[in-house]
Structures are given as C-alpha cells and as structure tokens.
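Which chain is which? They are A, B, C and D, in the order written, and residues in each are numbered from 1.
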C-alpha cells in the first residue's frame, strides 16, 4: 500500500461544473496517489461520470484546479488528456468492434513506415501492449469476435499503450463474471505495483474491498469524504453513499407511514426468475394492495428485475405467475394487456415523448391498448388529462403544454398518470422520485399509498432507503445481481437494509 | 456454442463453394487466354443462334436511344419487324436515354462479333473513341435517325435518316406561307444537345432570317416529351406576351400534342387562335390535324427498317454506300390528314 | 472458446466474389466468345466512370454517410473541361486540374456543412446534386465534343495499351485501376483510412478514442468530391465530350456497386476491393443482358434484386454477429 | 423557465406554419412586384385560369406524394421509391384502359392497389427485416422503373379514354380535378391521422421510439401503415400524371419527384428526424417549390438551370432547422455588440 508520504499523482481542488439547470459538481476535491487503486463511489447523480469526463477533457470545468504530478493541467480533449498521461476505459467498451484488436489498440497512433500504416509493427506493438495485461490472443481478429472481458482488457491495453500515468476505469466489471473480474484485478494489481494511479468507478462493494486502497464518496455533486478502505466499514460506506448518517440511522426508530396489511390475493409470484448475465434468480411474491420495495445499490439488479417482469428483456430461467396463472411476458405490449405498468428510471429515453403534449403523453398507453382504430374522443382525452393533472397535482399551464417544458417531477407525474389511466393491477415504479424536489417526492409517496389502499400491487424501486422503509411492507434486497434477502416486520429498517446490502462478511 | 457451430458451418460452406467457383472462374480465365477472341468471322454469333443453318445468318446489333416518344416507338417497331421478315438476327438494346449504356452496348456488339452495328446516337458528341474501336474491329457502322459530330467520316459507312435542318426549313417555309410571313412564334425545343433539337432550330431560324415579319418570342426546352411540352406551354401562355403569340413551333409532335392540351385549357383554339406546326408526323398528330387542332406536321419517317437492312445487306456484299441516305418524307396539312390517317402506320 | 474460422464480416465479400465468378462463368458457358480478352477489357473500360465514382462512394459510405451529388458532379466536370478546352482554349491538363480542384472543393464544402452544422448528409448532398447539375447547364446547356489532339491522340491513342492487333486497354481503365490501387492503400495503409472505418464503426467511440472525428468526416466528403470529379475527367476520356446531362443517377449505381461489394450502408465495415468487384458485377449484368438480347430494363431489375439480396445478407450477418456478441457475453 | 415560453393551447392547425408561409408569401410578393400578370386570374371555359391555378394544378402530384412522405418522415424514415412507384401505377392504369371491357372503377382500384402493394413491400423491409428506410426504399427506386418499362415493353402507350383523361385534366367547380383530388387526400390524411390514433402513434414513434414501444405502441404496425400509405399516395400521383398527358412514359413519370416530395416535407417544417408533423406545412412546402419553378418559367430561366435555386432553398431550410447553426448564430450575436 502506498505511503502517505508520497506526493499525490493527481490533485483536484474545488472542481465545479454545472449544466443548464443542474449543478453537477460543486467544489469537489479529489486526490489520487501513485501506485494506488482509488475507488470513486456514489449513487446516481453523485457526479462520478461528470468528474471523469472533466478529467479526460470531454467537458470543460467551470472552476477548480488540476495538478498531475505537480504540474497544472487543463486538458481540452481526450487526445490532450492522453498526451499528459490520463487514459480512460469506459463502461460500455468504447472501441470499434468491427476493427481488429491490434487496430483498436493502435488506432490514431499506428506505427507508420514512410507514412503508411505498418501492420506488422502494429501487430507487434499490440501484442506487447496486451502482454502488459497478461493477454495472449490473435490480435488480427476483429474485436467483436472476442468476449466482453477480452474487449475490456483490450481497452485497458489501449489506455496503457500511451505512456499513461493515471488510469481511469469506469465500471470496468459491470459485464464480467467472477473469474473474469479476478483476472482483471490481477492485472490491476500488477499495474499498481508499476506505480500507476488507478481510479475505478464501480458499484460492487465486494470488488471495492478486494482491490481499492482508498475510496472517495460523492453525493449530489459534492464530496462526502475520502477514506482508507481498510478503515471504512462497509455499513458506513453504504450509508455515506445513500446519504444517511450512520449513527442517525442506527438511532432512529422505525418510521412507519401507514403501510397497512395487504387486502388482496397474491398477484405476482416469481420463482427462480432471472436471466443469466442480467440478473440472478429472484424469488418473491406480491399481493394486491401491497407495496413491496426492491432495494440495492445502483447496478445491483433492481432495474433489471423490473425489466424482466415487464417483458423488455425476456426471462430465461424460472417462472412468473400472475394471479396464480403461469405466464411468459415477451413484450411490453403483452405486459400492458396483462395489467402491468412500468415507469422507467430513465425518464428521458424511455418515458416521456418530449415534443408531445401533457394530454397526449397521458393517454398514450391507454390509446395503445385501445388500438389504432378506436381513438379516444377528444373530450375523454381532455377529461382524463384534467383529472390526472388535478389528482397528481401536475403543475402545468394546461394539458396542451409540451411535456419537455415541464420540470422533472411533473414529467414523472405525467408518466405516472399515463399508467394509472390504464388502471393496472401491478405498478412497477423504478426510481419514481429521482431528480425531483422534496415536495414532489412527498406527493408521490402519498400517491403510492393511496393507490395501494385502492388495491393496487406496487413494486417500488428506489435508492433512497428512507423512502423505501417508510412506504413498503416488505423489501427485497439485491446485491451484485442476486437476491440476498427479504425484510419485513421489525427487521425492516434502514439499518437492516444497509446491513443486508453490505453483506455479512465485513472483512475484505 | 451452438451459434459458433452454425457460423462455422456457414463460413466453411461459403468458403467451400466460393473456392469451387473461384476454381471454375480460374479455368474460365485460362480458357480465355487460350481461346482468344473468335477472330472476326462474319456471323460469329450466328452459329450459336441459327443452329446448323447452312447459309450464315446475318447478325446486326442495334442500339436504340430509348422509348421517349411515339415516333421512337414506331422506329423501333419498324426495325424489329423488318429484321424478322428478312430472317436477320437482330441484337436490340435500349439505352434508356443514356449515352453510357449505348457505348457499353456497342462494345458488347463488337465482342459478340456482329456483322453490322447500327445505332441512333443519344447526343451528337462523344462517339469518336468507340467508333474508332468498331473501325479497328472491322465492323461497318450504320447511323440511323441522328448523326454524330465526328471529324473523321470514315468512322461510319452511312447515315440513314432525315435531314433535320431540312425539316426545320420545311416547317418554317410552311409557316411563312400559311401566315403570309407574319407570325409571333413560341418554340418548344427538343432535348438540349440532341441533333434534331439543334438542327430543327437551325433550319427554322434560317427561314426566319428571310422573313422579317416572323419572330420567336419564347423558346424553352420541352425535352421531346408531352409532360414538359404541356407544362412549358402553360407557362408561355401565362406570360404577359402571351396575347401576341400567333404560332407555335414544336420540335416534335409529342410536345405539340402536350402544348395543344395547354392551349385548349387556356380557352384558346389550337389550330385557329394559335397556328401549330410540328415535326415527325406520328399518328396522334394526324388525329389532331383531322380534329383541326394541329395545322401542319413535317414528316420525319421513322419507318427506316427496310432502308436500314438494305444498307446492311449492301455493306455485307461489299458495296459502297453514299454517306447519307435520305428518307422518303413529305409535309402534311390538315386537308390531307383525314385521308392519310387510316394509312398511317405509326 | 474457439472463435469461428471465417470472420462474419468477410461473408459479404466472399459472396460478392462468388456472384462475380458465377456471372462470369455463366456468361462463358452460355456464349462462345464471352471469355475473350475484349469482353474483359470492355468490362474495365466501359465501367471506368462508374468504378471511379463508386470508389469515392465507398469511403463516404464507410464513414457512415452518403453522397447523392456524384452524377451531377460528373456532368459538371465533363462540360467544364470541354468548354474550357474547346471554347476557351485552355490547355487540357490545366482544365483537368482545375476541374479536379473544383470538385474536391465542392466535396469539402458539403463535408463542412455536414460536420459543422450537424446537417443530414442526405439533404446536403441532395442540394449538392441540384447545385452541380444546375451549374453544369449554366456552363453550357448542351454537349460539346472535345477535338483537342491531347484527347484524340494523347489519351486515347498513345496512352492506350495495345494488347493485341484489335484490342487495346483504354487509358480510362488505367485510371480506374490506378485509383483502385491508391484507394486500397488509402483505406488500409493510412491513418486517415483507418479513421474513416472507425468513424463509420462508432462515432462516439471514435471521439472518445481521441480520433480527429471532425477532420476525418470533412476529409471523407472531400475524397468523395475528388473521386466524382475524377469520374467526370474519365468520362471525358471515354467519350471525348462534355455533357451537362451526363450520368444522371450515377450515384445510385455507385451506391449499388458499393453495397453489392459487401460494404455495410450503416458504415464501418466494407472493402474497396469489394467495390471493385461490385462494379464489375454491374458491368457483367449489363453485358450478359445485352448478350442474351433481353430487354435492357432487366438490368435495373436484376441490380435491384441483387441489392436486396446483399442487404438481406448483411442483415443476417449482423444478426449472427449480434448473437455472437451475446454468446461471448453469456456463453 | 420563463412563463412566456409556455403555450397552453391545443396544437392548432396553423402552428409551425409561420416559416413556410412566410417563405411562400415572400416568393409571391416577389412575383407580385416583378412578374407582370402572375396574379392574373380569370374564368375561361367556366374554369379558373392563371399562373396561380397552374401552381396548384402542377403542384398536386407533389402535394399528394408529400402527404404520404410526411407520415413516413414523421416516423423517422424516408421513402425514395415514390417516383418509381408512380411509374408502375401509371403503367398499370394505361395498360388496363386499353383492355376492352375492363371496368373503370376496377382500373382505378388496381393502380392504387399496385401503389399500395409497393408501399407494403417497403414497409415489410423496414419493419420485419429492419432494413434502414433509405436503403430499403432504394431497392424499389432502382428496380421499380425497370418493372414499369417491362410492363410496357419499353413502348409508350397512348389512350384517349375520357374517364381516365378526366383524372388529370378534368375540371370540377371551376378547379382542376387534380387539385380537388389533392384536397380530398389532404382531408383523408387528416382524418386518417387525427380521427384515428394513427397521428398520435406516428408522432410518438418518431419522437421517441423506445418510450413508445414501452407504452405499448406497436412501432411495427405504425411504420408498416405509413409506408403502405405512401405507396398509395404514389399510386394516385402516378394516375394523375399519366392521365394528364394521356400517355404513359415510364421513363419520365415521377422522375426525381421523390426529392421534391422530401423537400416539400422539410420546407413544411416536419423535421427529418421525425416527430411532430404538419400536413398543411407540407402542402405549403409543395406550393413553395412549385411557385419557384413557375417563377422561373415566367422569367424564362432555362429549366435545366432550375435546380440551382432549389439547392439554395434546401441549404437555407436545413440551416434554419439545424440546432447547431442556431447555436452558432446565437453565439455570434452574443459576441458581436448589439
């Protein structure tokens, strides 16, 4: 482990970056030493990816200073960042799949001979670069013919091919299996020993404790703290990430807000339900009139479970029963016909139809179920829109406002209205309160409870434990894409969830 | 793993088959280099076509411009039926109005070893290189309908077709006679760059030069087709000078027929309010004359099939032909239209 | 896990080779003099204009773009050269250089519009097509033969290679083959060429990999413009004339040749060599249909069908490699 | 967010029409000032007559193609084959009319059906085989004209049948029949999109295909329907053009008209990226293009040179719609002292 005495490799002070309407980073300090693996952690919207993009020259910072090896730097492009020794490997392998491995490593800096690309030289250089990551493959084959793990290592080799001093890995393990992760870590340890500074963004706690020397936690664009991994218990890490003061959580009595007893029959049953590589076996059941939470960190498999249920991805293992009847859902259309509804966590890409009006956004799913030839009369559309604008308190100048002009919370309510208009049996809410203000959050929570009281089954996914605990009767906890526990009754506390997420084995 | 297997099989299959074909292709190339071209034997392709016929069948390659007008349709028809009648094998290729296609077709004819090549060039220029090739291959060329702009007149044996300048003259002279030398004329020009468009304009303007009372006030290309003819005439009729127009000169009947529709839609009487004279003499034009809508058409006879194959046979008999063979044609007026109509073949 | 022996992206290329071979051999079997040297020479000479244009289109399509202005630029270039040489008595080489320069600049201009203002290539090059065609008619409204000795005696006599007593290899075909070789080197042995592949493969990745995306994109359209202009020059070689209406719709033939040559229209995958074969396939189809004495309109139908076939093949291939990815991920 | 940016009105039929209408008005103003007789209208033979009538009459096929193209483009696609489909449909009509005893309504239906069938083929390629629209429709664009030529065996066909001639040449209520047909189609399209859920689905699929799929909209059906409809429109336009000249010329009918149709849609304010569409905008766009052409005839500009102003119009429209251009313009304005 690197000693405290060694001068920092990278030193960022007071980094600020804002986008229209959002302060993505506010006065963040960040330090990386030579020869260490430094985990950068935080939930959604924490500012991790903004930090990385500023560091690699994709975004220009609004304020703050950068020093690399003591010298002030200000990279304005990926190329400039690489030139000073900052290399990045992105989560989605950002290489060109159709080109060969060797080319992917050398693209843009191929060895040349009389001005022409020297393929033999390139092959040699690629082999050498891959040797640094302990990989021996045929580098002339196209990248796409290799597994994701090898593609990841290729990206790593490319990053190392320029004389990198600081290596940034953005969720490098999210598509790898355990053995592949092990191999990757082997390489990282070697690189660490060579004196490289490595920044790693990941959601997997086990992996953080397996490899990271130090941890920096960000939340909502601010620095929470910088810790030695060895001195930071898991529970504390998790609570800092989700923004609950550890001691406060431990002390607080359980806040129960009318979660009530379920009134109905079992509606949804999942047995050994999953899809290898996406989310492991999940087992739970949900009754009508019940709110059940799905908790876990980002990337733990919460969203993936929801998507399997709604038929966006097809389940490969296990069984799903709806109202006692076994069912295989293969498309959202079918799911909707079965009375399921799902609000995606990705409001912009998978939720709103930005240029259409509030009215049109609200009636879309209902109209889709009615079919092409049975248009809802305009009066009915307006009545529905008005009803939901009233009911959910959507703050809009009127039903004909383009939905993109609404605030995030109101967009979320429009989406909720879209699904409620269907009068579904089961409502899956994936992060319904993300990125919206406190007042709107409370309203949505209240709404969820009133829907439950009306007999709706609700699957509630949120990274805010407080919300989950307050609103759910039972909570299923996922970690690293596997179900690790189900909490109910007195065990259902923030502390309980945190402990389940953190896992039994505290020692790394 | 299953996918891999299928991939592999597919790949191997393709490669295998590909390999075999490649081998075949290689054989072909080998044959090519051994066999060489079937030296120029007249009727080389005929052997393949005529089976065991004793008398060598004559093979003629003809490249037509396309099918842009009724005139062209009649022209094609005449050539095809005459070839059939004489038992001559005709290789016919429609160039779809594109010079590139025509050049490629001519080259194919050389390679096929035809006895005579005939074609109606799309445009006047751009033929020298390919005509040189044909000359080198020793195949006589007959130009039909349209001439080419080539300095070396040994590049072709003969040109069978109308004298477009003469047609322009005739149209102009008829109009001068009919209007007493006083006319304000709108002109529908053919496809820019085509020989008939250039020459018909030239011939007509030569007559105008002698008749100071006649002048062209509007002139625009109607591309030898009805659609454009109608569209352009509509625009003419809306111009401020429209009221002065007393005559229309169209480079072919199709444009005139389109324009007649436009004149009628303008509430005018074609043939009376505006005197219409055009060139070609297709059946539709005779009909229009019989109806009193068209005043005169200068015949440009498309039925050159018999003349073409006379020339072909003469060439193969090693006779020399005059550089230019005219076509039998005359000028038709409304008075002749009714009786001529039933006899018109095109 | 053993990777498959034949990489899936070579399947279209192999298929192109197979189609070419089948067509050629079929012709040879059906017609006695099909395997002659002349047919072979005609294939190259008669399709030189298309070949040069298609090579330019290959780069544009590889980068993920499209260029509709090809035919119009050929018409413009040809009439410009003809007018300069015949009417203004400019030295032919000077006229040719000027025309090439203008065409290249034209391509660069379109590229700059596409890159700087993020305009759809389809619309920009469509405007380019209208503009070039209109300007061609402004230069001169009808065709004009070039009688300058440089053309008659230089290009088509001295520079043509006499293969045997009757057949000679035209200089236009030499241009095609030369450009083909240069394009092969450009595509496979220069950083620019590899950047074009990367750009077409994944623009975001290319940007994140630090490649000069903007410069590459503009360069691609510049190459396209140059090739179109060169095709115009070759057109003047093969016909010794200039024609403002020349080569209407040549861009479609060029795109067809590129697709039949195994290049993915979405960009990133493809081969200059495939385009060469694609051009020969189009030429062979035309020759075969003339030989068979079929209505020449069969040509476009067969080309349409072949186009469809290759698009479907590409679909199958990408589906296969998609599944390959999944297998690699989960298997 | 500033409150004045909110608009709390239903999307009126005129919204978004400001720019195209302004362009058209500008062009008309130019003609009013500089082209004598351009606005002259009179009654001849009981029907309206003048340059303006020519514009709407000759503009009809572009309007008709444009209506179909609008829906296709609104889903984020494009249909390059319409010109070739026009040729096929026209050929079918001309061939059937020469068959004695073939009933006229059946003939009309047959040629419209052929157009629709061609559209279905495009739709099939785009939805089921997931071929990019540009490529999928290219197939028919390349091959379609050949099919038409083979149907006529490369010959022109002439006909004089009064009923068929009426389609392209007749007058009703003082107006040319094609104009009435295009108005009827405008009405039909408006009904089809606004009285069924099709319009909503088209816009949502074009605006955000993923979200639409998640909301249960069948993107496949929607796309298939719009391509089929575009084929239908091409069939109708082919019928009109064929009838107009009383003959079929498979070579020339609808040649490059697909480009005019696309241009009309884009000028009309429907973005090439899909989403909100404006049928009236397309009509205005088509009229704009046609007015440009008619203006050039009036000015005796050679028709061959006509593409130049068209090209400049495309670039201008593209730039005006381009966010990047607007950004740069805004930056430029900010940089320069006002």
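General remarks:
The criterion applied here is as follows: contacts are C-beta pairs under 8 Å (C-beta built on N, C-alpha and C of every residue); 3 or more make two chains touch, one makes a residue touch a chain.
Computed from a predicted structure; not experimentally measured.
Seen from the C-alpha centroid of chain D, the farthest chain centroid is that of A. Centroids built from CA atoms put chain B at 70 Å from chain A.
Taking the mean of the C-alpha atoms as each chain's centre, chain B and chain D sit 33 Å apart. As a whole-number value, the distance joining the C-alpha centres of chain A and chain D reads 45 Å. Chain B and chain C have Cα centroids separated by 30 Å. Multi-chain contact residues of chain C (touching two or more other chains): 1, 3-4, 7, 137, 141, 244-245, 295, 297, 324. The residues of chain A never reach two or more other chains; the list is empty. Annotation for chain B: residues 94, 96, 192 touch two or more other chains. Taken as a graph of touching chains, this assembly fits none of the simple shapes: it is neither a line, a ring, a star nor a complete graph.
By the definition given earlier, chain contacts exist for A-C, A-D, B-C, B-D, C-D. Note for the complex: chain C touches chain A at residues 1, 3-4, 7, 9, 185, 188-191, 193-195, 197-198, 201-202, 204-212, 268-269, 321, 324-325, 328-330. On the side of chain A, the complex with chain D involves touching residues 310, 312, 332-333, 336-337, 342, 344, 349-357, 360, 363-365, 367-376, 396-398, 400-402, 405, 407, 418. Taken together, the chain C residues at the contact with chain B in this complex read 1-8, 11, 14-15, 17-18, 20-22, 24-25, 28, 31-40, 42, 45-47, 49-50, 137, 141-147, 152, 156, 164, 166-168, 170, 237-241, 243-248, 283, 286-287, 290-291, 293, 295-297, 320, 323-324, 327, 331.
Across the interface of their complex, chain D is touched by residues 66, 113, 116-120, 122-124, 126-131, 133-135, 137-138, 141, 244-245, 252, 255-256, 259, 265-266, 295, 297-301, 303-305, 307-308, 311-312, 315 of chain C. The touching residues of chain B, when paired with chain D in their complex, are 66-70, 72-73, 76-77, 94, 96-97, 192, 218, 220-221, 223, 225-228, 230-232, 234-235, 238-240, 242, 258, 261, 265-267, 284.
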